[in-house]
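As structure tokens, here come the structures.
Look at the two complexes coming up: chain A is in both, with chain B in one and chain C in the other.
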Partner chain A sequence: MSDQRQTKLYKEKQERVAKTIRREEVDKPPFMLSADDYFPYYAGVEKSTVTSYDMAADVVGKVSDDLQFDTTIFPWLPANLFYGPKIRILGGGTYTVRNFEKMQDPEKVRIMGPEEYPELIKNPNTYLLETVLPRRFEVLQDINPEEKYNRIVEAVLGEGQKFSNYMQACEEKGCHLTLSGLMVNPVDFLFDFFREFTGIVSDIKRCPELVRDAGLAISEAYKPIIRSMKPASDKAIFIPMHIPAFLSPRDFEKTYWPSFKGFAEYMVEQGHNVVYYFEKKYGHLFDYLQELPKKGIIGVFQEDDMRLVKKKLGSSMAVAGGLSTTLMQHGTKEECIEHVKGLIQDLCPGGGYFITPDTPMMYPVDGRPENLKAVADYIRDCRL
Partner chain B sequence: MNEKITNVQVIEKIAKEVLQAKSQEEIDGFVSLVIYVGMFV
Partner chain C sequence: MLDLKKITQALGDLDEKNLLDMLNEFIASGPTVEEAREVVAACQEGMTLVGDLYETGIYFVGDLIFSGEILTAALALIKPVIGAANGPKVGTMVIGTVHGDLHDMGKQIFKNMAEAAGFEVFDLGIDQPASAFIEKVKEISPDVVGMSGVLTLSLDSMKDTVAGLKEAGLRDDIKIIIGGSPVTEAACKRIGADAWTINAAEGVRIIQGWVS
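Take a look at the complex of A and B:
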């Protein structure tokens, strides 16, 4: 494809994404691919042969060129490039990278006890950096300050810059990325990095006020990061949602909701869009989600009925999901296209809907390449 | 006796020297960035 044509298509994608986030109608159905490790599989590339971000960007560019999706939240994150070096430089992490796959180890997550919440609430940054995180990262332990300085510069700034350059290279190859930043909601931060599942569930039952207050304190500590980020109409801060799917509305309201809502309002006030990835089912929490800011929010839904999602939440947020990966794996091309036609007919009128796989495509079983190609071609040529 | 240099102080020094941060707002932003994004592994 010529550079001129690629630039034109990229600009069209940008506009389509920005309009869909604003819940305006667009010229064609907006397609948000969520693929990650499926990128190299689709491109026919063995992950172990990809040893640099330049090579990874070539893989992403090739898939983007072939499928012409409008956006993907983030590009393929090769575990050996994204996680491996940081874990080595920092001297620890919650993930283990083996055979080019990453896996989070619950044993490495639970490094904080429930009795520590009051200290965390008093000053989260100082308490985490001086007391809790040194239990995980060798670089924060009692080592030579000069070595500490150099290793933090290399891990955070050096590796961060490499990833930013990679994102830019993907976009220069015509692959529009939605991602402007990656955060997790404050209570999920506690769950994902300090208390793990059994710990946070126990805390929510035994000391809900402390979980709520820790979430609010972390939310305050997040704000300078948000202020340092530049908003854009076609970009969004990506927030995967983890623990709420397992909480009753009562526990959610007491513990998770105060910092979730406050932080959402703050990001939107600062001009950002936010894309929440609602993993598993969220029907029991729709009443709360209706209270999120009425602009700048995109909800990607995994297991909820998208027609119900659009009916209940479509006047508060742009919504995404619905493309059955099960059908893309087990159905025929014709069945997949019929399925997409139904999504377009029912969900595109009025705007504010991205066609998105109902689960992030990670493995070969998440869809046969020929079915994904048939779906992508149909969406590319469809006009609304 | 030398006072122990804290992790916060090391990260603030990086903000000033490498990122040329001038205001406390920029320095605080970098400290938060290290904790909540940079060590996201």
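Take a look at the complex of A and C:
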């Protein structure tokens, strides 16, 4: 493809994405691929042969050229390049990278006791740097503060910059990325990094006020990070939603919702769009989601009925999902295209809908390449 | 003697403090082994209430997990009274999260509920290859094998595990149930399992049917 045509197509994608986030109607159905490790599989490239970000960007560019999707939330994340160096710098800790996947033993996640909430609430940054990170990464325990901070900065910022350059290279190859930054909602941060599942669920039952206040304190600590990010109309801060799917509305409202809502409002006030990845089912929380800011929000849904999602939330946020990976793996091309036609017919009118796989495509079993190609070609040529 | 209905209800209501207060009082009264067993049975009934409330959409997964925490704490209090004289087991099972998958939660919920229903459960842990299932089945000859997984990739591992059990000549002696978000009727057929579920309470009912 010529550079001129690639630039033109990229600009069209940018505009289509920005309009869909604003819930405006567009010229063709917007296709948001969520693929990650499926990129090298689709490209026919063995992951172990990709030893640099330049090579990884070539893989992403090749797939983008072939499928012409409008955007992908983030590009392929080559674990050996992205996590490997960070983990090495921090001495491994609770993580390992195996078979190009980052692994963490769930039994090692609980590195904070419930009695430590007051300390965390007092100053989340200090608590993270001085208490939690040295527990997670033993290499940080017996070194002087300067060396400790240097290691953390090298792991987080140094490797982060390499990934930013990689994202830029992907975009220059015509692959539009939605991602402008990655955050984790405050109470999910507690769950993912400090308390693991049984711990956080028990805290929510036993000391809900402390969980709520810890979430609010983490939210305050996040704000300088948000201010340092540059907003763009076709980009969004990506936030995977983890624990709310498992909470009753009552527990959610008491503990998760205050920092979730406040943080969403802050990001939107700062001019950002936010893409929430609602893992599993969220039907029991739709009433709350309707109270999120009425602009700048994209909700990607996994297991909820997308027609119901659009009906309930379509006037509050742009929505994404619905493309059955099960059908793409086990159905015929014709069945896949019929399925997509139905999504377009039912969900595209009025704008604000991205066609997106119902689960991130990570493995070969997440869809046959020929079916994905047929779906992508149909969407590319479809006009609304 | 303790009001057993109150024990059942406290666990069903996830009222941890009330339940443990009652149990501490009970233990302090110097109960017999038989009385302690009745209290354990009342706790098991409480777990059934929790399962029912989950199935009707009132409780969520977080509630199931917390009920397991409460049950563990309750049994830890009662165990010294019962000692080694455990009651009869309704069946034995081996469970594990299959190779390539580190998700623990669903397996843990199922384990809690199966144990509460009287099963002796041997938990292999997470990321377990077919060989680990085969070895354990050879060792203890369970009634049931349960495989758990959340990643779509885990379906392949489940299939490999069933094939391995078949190759080892063990398949016909056991029932196999699979669970986890990617599991479907079609996947169950491809894998060669006997049953599938995405609901721990339903899963326990299925395996109860197998051993009754």
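We adopt the following convention: the second predicted complex is superposed on the first by the 369 of 384 C-alpha atoms of A that agree within 3 Å, B and C clash if a C-alpha of one lies under 4 Å from a C-alpha of the other, contacts with A are read in each partner's own complex, and residues count from 1 in each chain.
Here, a contact is a pair of C-beta atoms (placed from the backbone, for glycine too) under 8 Å apart; a residue touches a chain by one contact, two chains touch by 3 or more.
Note that this is a predicted model, so its numbers are computed, not measured.
A.B. asks: Return the chain, chain B or chain C, that is in touch with more residues of chain A.
C.D. replies: Touching more of chain A: B.
A.B. asks: Once the shared chain is lined up, is A:T359 touching chain B (first), chain C (second), both, or neither of them?
C.D. replies: second
A.B. asks: For A:L308 in the superposed arrangement: first (chain B), second (chain C), both or neither?
C.D. replies: In the superposed model, A:L308 contacts neither chain B nor chain C.
A.B. asks: Applying the touch criterion given at the start, work out whether A:N125 contacts chain B, chain C, both or neither, answering first, second, both or neither.
C.D. replies: first
A.B. asks: Could you say whether A:L157 touches chain B, chain C, both of them, or neither, answering first, second, both or neither?
C.D. replies: first
A.B. asks: What is the contact status of A:L90 with respect to chain B (first) and chain C (second): first, second, both, or neither?
C.D. replies: first
A.B. asks: Under the stated touch criterion, which partner chain does A:S202 make contact with: chain B (first), chain C (second), both, or neither?
C.D. replies: second
A.B. asks: For A:Y149 in the superposed arrangement: first (chain B), second (chain C), both or neither?
C.D. replies: Touch partner of A:Y149: chain B, not chain C.
A.B. asks: Classify the contacts of A:L384 with the two partner chains as first (chain B alone), second (chain C alone), both, or neither.
C.D. replies: Neither partner.
A.B. asks: By the touch definition above, which chain A residues appear in both interfaces, chain B in one complex and chain C in the other?
C.D. replies: none
A.B. asks: Residues of chain A touching chain C in their complex?
C.D. replies: Contact set of chain A toward chain C: 99, 103-107, 197-198, 201-202, 204-206, 243, 245-248, 251, 280, 284, 303, 325-326, 330, 359, 362-363, 365-366.
A.B. asks: Sort out for me which residues of chain A touch chain B in the complex.
C.D. replies: 83, 86-87, 90, 93-95, 125-126, 128-130, 133-134, 137, 140, 142, 145, 148-149, 152-153, 155-157, 160, 181-183, 189, 193, 218, 221-222, 224-225, 227-228
A.B. asks: What does chain C use to touch chain A in their complex?
C.D. replies: Those in contact with chain A are residues 14, 16, 57-63, 65-66, 68-69, 100, 102-105, 108, 126-127, 151-153, 155-156, 181, 184, 186.
A.B. asks: Quick one: which bits of chain B touch chain A in the complex? Just the residue numbers, please.
C.D. replies: So the residues of chain B in touch with chain A come to 4-8, 10-11, 13-14, 18-19, 25-26, 28-29, 31-41.
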